[in-house]
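Shared between the two complexes below is subunit A, which pairs with subunit B and subunit C, respectively.
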Partner chain A sequence: MKKTIITLLSFLSVSAIAMEPMSADDMGMVTGQGGVYLSGDLTINENGGPLNVDGPSAWQASCDTATADAVCGARIAVNTGDNAGSSGWFVLDNIRGRFSFEGLTLKTRTINSGFEGDGAAFNSDVLEVGLPNSLEYESVSLTVANSSSARPTDANFQQTNIFTLNINGQANLQGNLLVYPTGTP
Partner chain B sequence: MTKYLPLTVLLSGLFSSFPALAELQLLDDSALGNVEGEGIGLVLEDFAFEAGEDVANGNRLDISGITNKDGDDVVLSISQFYIAGAGSNQGADVIGNPVNLGRLLYPYNIELVDGDEIGIDGRAVFEFASPARFTGSSSKAYSLLGYNTESRTESRFPGQATASGERIDSISAIDTSVLSSRDSELADIGVRFDLEVDSVRAQSLQAHASGVAVDGSSLRLWGADNQMVSNINLNLYIQDLTVFACDADGNNCGADVNLQNFVLESQLGYGEEQPVTFEVEADGNFTVEVGSIEGKTTAFYNDFYTQGPRTDIYIDKVMVGDADFGSATVANLQIQYLRATSRDL
Partner chain C sequence: MKKIIITISALFPCLCFAGLISLEDSELQKINGQAGVTLETDGHFTIAELAYTDDGNTLQLENIEQGSQADISQNSLHTQVVDIAADGRLQIRSTLAPTALQIGAVRINNSAASFGQFRLNYSAESYLTLGATTDSDNYVEGSYQTAISDAELIWTTNGNSLSFDDIGYNADISRLAISSATDGSRTGLGISLDEFSYRFSTGGMKLGDISLGTLDASLAISGNAEIYAGGRDGSEGLSVNADMIILDDPDNYVRYTDDGNSLFMGDFNGDLKLTNFTFDVMTDHLLLGYDELSGSFNANRILIGDSSNPVGSVQLDFLFADGNGYQNRFALYPGIVLPDYSALPTAAIQNYATDFYSGLDDSSDGLSAALQWNLANAEAAYIDDGRMVVVSGIESYGSGNLTLDVRSFDHDGNTATADKTAIALGLSQVSGSYSIDGLRVGNKNSPLQGGAELLLSLEVFQTMDFNLNGYTLITAGGVSGGGIQLDGDYFFTDSNIGLSVDENGRGVWATGVDYDIHLRGLQVDVSSTGISMNRTEQWSTMDIDNMRWGDRDSGTSLGRVVLERFEKGSSLTINPGGSGAVCVGGSGGDETSCAAAGGRWEDRGDEGMTVALKAAFEPEGYTSDGSLARNRLTWENNRSVDASGNPQSGSGTQIIFDGFSTNDGLGPADSNDYGFQANLKIDVYETKVAKKFTGTDDNGVYGEQGDELIYDDDSRTSYTYVASPTDAEQLLRPLGFAVQGNVSFKDFQIDQVQLSHPSGGAQTVFSGIVMQNMDITTNLTATPIR
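This part shows the complex of A and B:
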């Protein structure tokens, strides 16, 4: 029994003695491994929009009102500006819906081979975003429009809708998005 | 004591590795000066995308808000939009048939560029660029089109000074060696959509492109006089583009309109001298403008003539059904001024 313990201890000490300081070069080779697996579910303006009072005609503070084609989603208005002082706004209006995905992965990866020979020349780290296999949309919609003012409740509000995009159901995709610094940072 | 020996050795081993941490060194000023904010490269590896497929199961991608002349709602209902690798068989083989978009050494790039280096003095310019182009071997530099040229001297703008330079006479060849994307990195992209008029599905239209590359394209944005200004470079190369229409059920399709070796090389705007702007007026209409070059110096016209932005379009072969319409060329199109404004109907 004693013999066994001594043998074990001797193995331990041998391996412990084998630990050596790492050179800076060796330390440089150590990279963080592992990664992150993400699922997401985002619902925008299911019940109401950015208005706290109702605007003209269709624009509503709440989606619950009985008005047909109520505009109650989020609104992004960008002033395009110009020298003559015109004050028009480019608008993404009535942004609503639910968007979800399962299985987006984030990790770092060293590429030093493959890519038809590019990998060896590249020999660097990248951030790899593994794209989810599917994106689920549920009644996602937005309207692209031009408007005279930022908010529908502003005086003399006028808006021209250009088109409306509606997405429902599933989009399938595969692959990785590789992100890395270019040049010599 | 003997039984603690391994522990002692282990601890001393651990501590003795600490000097490696001391390798962190201060950067001197000259080394810091070499640190430069560069761009972010993006590559889509083994990528395929498909949306709107399987309408029967509720997948929809609709563009609405358009009406026809009778006031009926017209909906463009996309029943498939796809990006895939070569041989997708018009969208039948998408997932599992991926393509690399961008190359490690020639990625899509997002960068804040020093305006002084690209003729936009004193501005930081945001640039989104597709994979760079090589200098051509048989064509002009950075162009897919091999030209036969002729020298011309003429006015660049009505009533203004004349300028001389080479202009395209005819297209001699397509030089794909300027593409940094390899053959295997050219995508298949297509769309099938149904035209729905007043809630009745009226017609199905399909467009399928194979061998698509956008190498050398870029979008530059900067701010000047409280306004966002841009320059746009749009390069598009399609080996084969097929467009056809079918009945509402996707059957009884008409003749294919087939374009082979379609090349679009378009530049809009010329630095600060000819800015491209997008404005929305107070009445809710929008204006797209490519700045006027009226009243510039002769030196500017000479430069604009030789280096300035231009648009070339070339189609190697146009086929409608079995009929061959030959090739089509639009070359040396230079925009002196463009203003497009929307109006309410």
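This part shows the complex of A and C:
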């Protein structure tokens, strides 16, 4: 089977993250290594967040799993300008939902063979993130928006919601994500 | 030749003995069942110097005085009743009225400095019986009971004291034997104790009359000791071989109590073997050491605050022995041996060391030690509801210097308020290493697995080589009542940390690490729910010269990473009990509703631990030391190198996450009470591990994708993959850490993200990131991979 290392991201030329589809034979090459096998779920703001409990009045709300109240989700605001006081903010708002996965693995390994001969030339160590076979999304939602300031409690706050994303379903992931340094440290 | 020199300036100036009166036979016949002879000693004594000389070096106990507890210059009463029992045994019953015993100084070869002053106030009753030997090797056999009450032990250095008040001590040795002992060519003294049980309690450990809490314990042991002439150095000295068994008694316990709440370890047993422990007096220090110390320890009941909710059990096996070029030796010096400031790694450390030892000189009292250790192996097991995880192959070695004294401490930097009395602990030029081979799950003989990375969440690294200088002041008083407060400055320099390392030493390493940590007002308390550590203020900088992949010294580097932290009001609490029953992958309050929601119901039992962390990150500001501190993460690469090829810090391109902080929702000017909170409920539990690919795995076992790994039996040495495990097979799933976690914060701000280069200047990528109202709940199982 053709095996390729695809560099997805090279940041400042010093690190690399690669997607590596692997066969059972490839997995069999990995010996004598430790690591961790992770399974479980991750839920964001299932019953609101801490500001909904005793935060400023703009945030306080009764939040449960079913509520659609916009203030019950998490909020991330980013200012991409060069002055936080005079430019607008890109916002991911009302972030909620659950992610479930099974079989995410983390370990370190040396690649010095395989990959159609590229492995021997590579001959380096990697941090291997073994992707879970399935990743389930349950009621995952977020709103993409622009706002005049970072916080809803700021003076003259204004926000324009652009669209809201809802995701339910399952993604099948296969292979490994390899993370390793490259370039000049 | 040993010389015992006793100079007595005034020995029993007032000795009042009961008169001995000869009795007629007729009078003797009238006395049945009465004590034989009563001796009453009403006395006071002083000894100017008691000296022990070993190969020409002298250990001196000076200005020894015993007298009444109310006024040590007055007499104290000692009554002894001596009798012969019907079976011929000698019986001596002693009663000591409230008495004080004081040692003014302990020196070596007339050293200017002393180990300090010691005083013991006590009352005692004891009962000794001596009789015919049942073993021809024994010189004497007997039993001994003693009860010490209302006692107080005080250690004073330079006018400041640590005391243990209201000590109660009861000991019962059912069989005591003294015999000869042989060890090759040597002949010595053998002491055997059978079923030695004792109870111990203190009403308070106090610094300057403020309590740190109370201690009490009950223990049953049996043991043997052999004592020989001749130490490790020269021809004189002392050496001891000993072994001891902590009897398997459910009543064994040790308890520390703070304001009525306790840390409790009970129902424990174990054993200890000490080989060739030696004691020598050297020219300026006492030299203690041993060839080997091995033992095991099993504690079946551990309570943290909540007496109704046990944490689980722990088992520890260990062996200290020579190895790695290190031995287990302890050189104890009288007084404070000041460090060689010029030999400390940086000017900043030299300044902190100078401040710490200011006011002390070569004549200051205290204890100094030069230590060397080698832990050849240890296995530490934690058992949660019957499920065992073993941290296996723990090794450590190193050496360093230590000082210990009691002093007054301006704890709040305010000369208008009273100083506190503090225990001062200085560590200088400590150089050492430790490593963990991996984990074993299920039982102690299970195959060694990876997964020590799981300990990173507890800030325990898999392996570390370190150089440490640190200065700690311990004062009494936590947040409420008793408890302990720590103030300290710690400096790790040129250290290497293995974050995830395999058996060949390859993995992810942080190398060339300089890490300085400054703690102010770290208060440790035990409450009714657990143990808490509240940090009034903390700032630190971790500067990782290279984050390497592969080999520690030559692996490819990601570059330099610097993490600066500045926190006020952060805390850590540890409470008993894990997550209990949880629904993983769904929502549901019981098994039925959980399954209906697509989740998996797991009852993880009553034991386990809950760790709650709060980090209140402060905006940039000044510390109580007057230095400027902030929270900032910097990643630097493309650095230029020096003539030796080493990358130069500050010469490359940096991406900087600058000024991150938390607040209560309105921005950095708002209060910062909530901070960043992480609550982790940790259990050891069977975890579902599914085959990721169809085929054979690393160990040659075939399985279909999605099949579960199931062990063949409780030995957990071999396994197969099963498509649909039965209930019985599910109990043989791999054990791992099951963590129910919650991470939340009200407001987390990063002031700016910049790219910076020394010649190109700084460019702003983001001029602000604000995250609010985040609450993330996780149910994770983390299993070591074989």
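The rule is short, and it goes like this: the second predicted complex is superposed on the first by the 122 of 185 C-alpha atoms of A that agree within 3 Å, B and C clash if a C-alpha of one lies under 4 Å from a C-alpha of the other, contacts with A are read in each partner's own complex, and residues count from 1 in each chain.
Convention: a residue touches a chain if its C-beta (ideal position, glycine included) is under 8 Å from a C-beta of that chain, and two chains touch if they have at least 3 such contacts.
These figures come from a predicted structure and were not determined experimentally.
Peer 1: Answer with first, second, both or neither: which of subunit B and subunit C does A:118 touch in the superposed model?
Peer 2: The answer is first: A:118 touches subunit B but not subunit C.
Peer 1: Please work out whether A:146 is in contact with subunit B alone, subunit C alone, both, or neither, and reply first, second, both or neither.
Peer 2: So A:146 only meets subunit B here.
Peer 1: Where does A:80 make contact in the superposed view: on subunit B (first), on subunit C (second), on both, or on neither?
Peer 2: A:80 sits against subunit B and subunit C alike.
Peer 1: Looking at A:52, would you say it contacts subunit B, subunit C, both, or neither? Reply first, second, both or neither.
Peer 2: A:52 sits against subunit C, while subunit B stays out of touch.
Peer 1: With both complexes superposed on chain A, which partner does A:182 reach: first (subunit B), second (subunit C), both or neither?
Peer 2: After superposition on chain A, A:182 lies in contact with both partners, subunit B and subunit C.
Peer 1: Please indicate which partner A:171 is in contact with in the superposed arrangement: first for subunit B, second for subunit C, both, or neither.
Peer 2: A:171 contacts subunit B only, not subunit C.
Peer 1: Please write out, lowest number first, the residues of subunit A touched by both subunit B and subunit C across the two complexes.
Peer 2: Comparing the two interfaces on subunit A, one with subunit B and one with subunit C, the shared residues are 12-13, 22-24, 27, 80-83, 87, 89, 180-185.
Peer 1: Using the touch definition up top, name the residues of subunit B that touch subunit A in the complex.
Peer 2: Touching subunit A: residues 3, 5-6, 9-10, 13-14, 16-20, 23, 35-54, 57-66, 94-96, 98, 100, 103-105, 107, 109, 111, 182, 184, 225-228, 277-286, 342, 344 of subunit B.
Peer 1: Write out the stretch or stretches of subunit A touching subunit C in their complex.
Peer 2: It comes out as residues 12-15, 22-25, 27-28, 30-52, 55-56, 59, 65, 71, 73-84, 87, 89, 100, 102-103, 105-108, 110, 124-127, 130, 133, 136, 150-151, 153-154, 180-185.
Peer 1: Give the list of subunit C residues in touch with subunit A in this complex.
Peer 2: Checking each residue of subunit C against subunit A gives 438, 449-454, 500-504, 506-508, 546-551, 555-560, 584-587, 637-639, 647, 652-653, 655, 664-667, 674, 677, 687-690, 692-698, 705-706, 736, 744-747, 749, 752, 764-785.
Peer 1: Considering only the defined contacts, which subunit A positions touch subunit B in the complex?
Peer 2: 9, 12-13, 16-17, 19-24, 26-27, 80-83, 86-90, 111, 115-116, 118-119, 121-122, 131, 143, 145-148, 158-185
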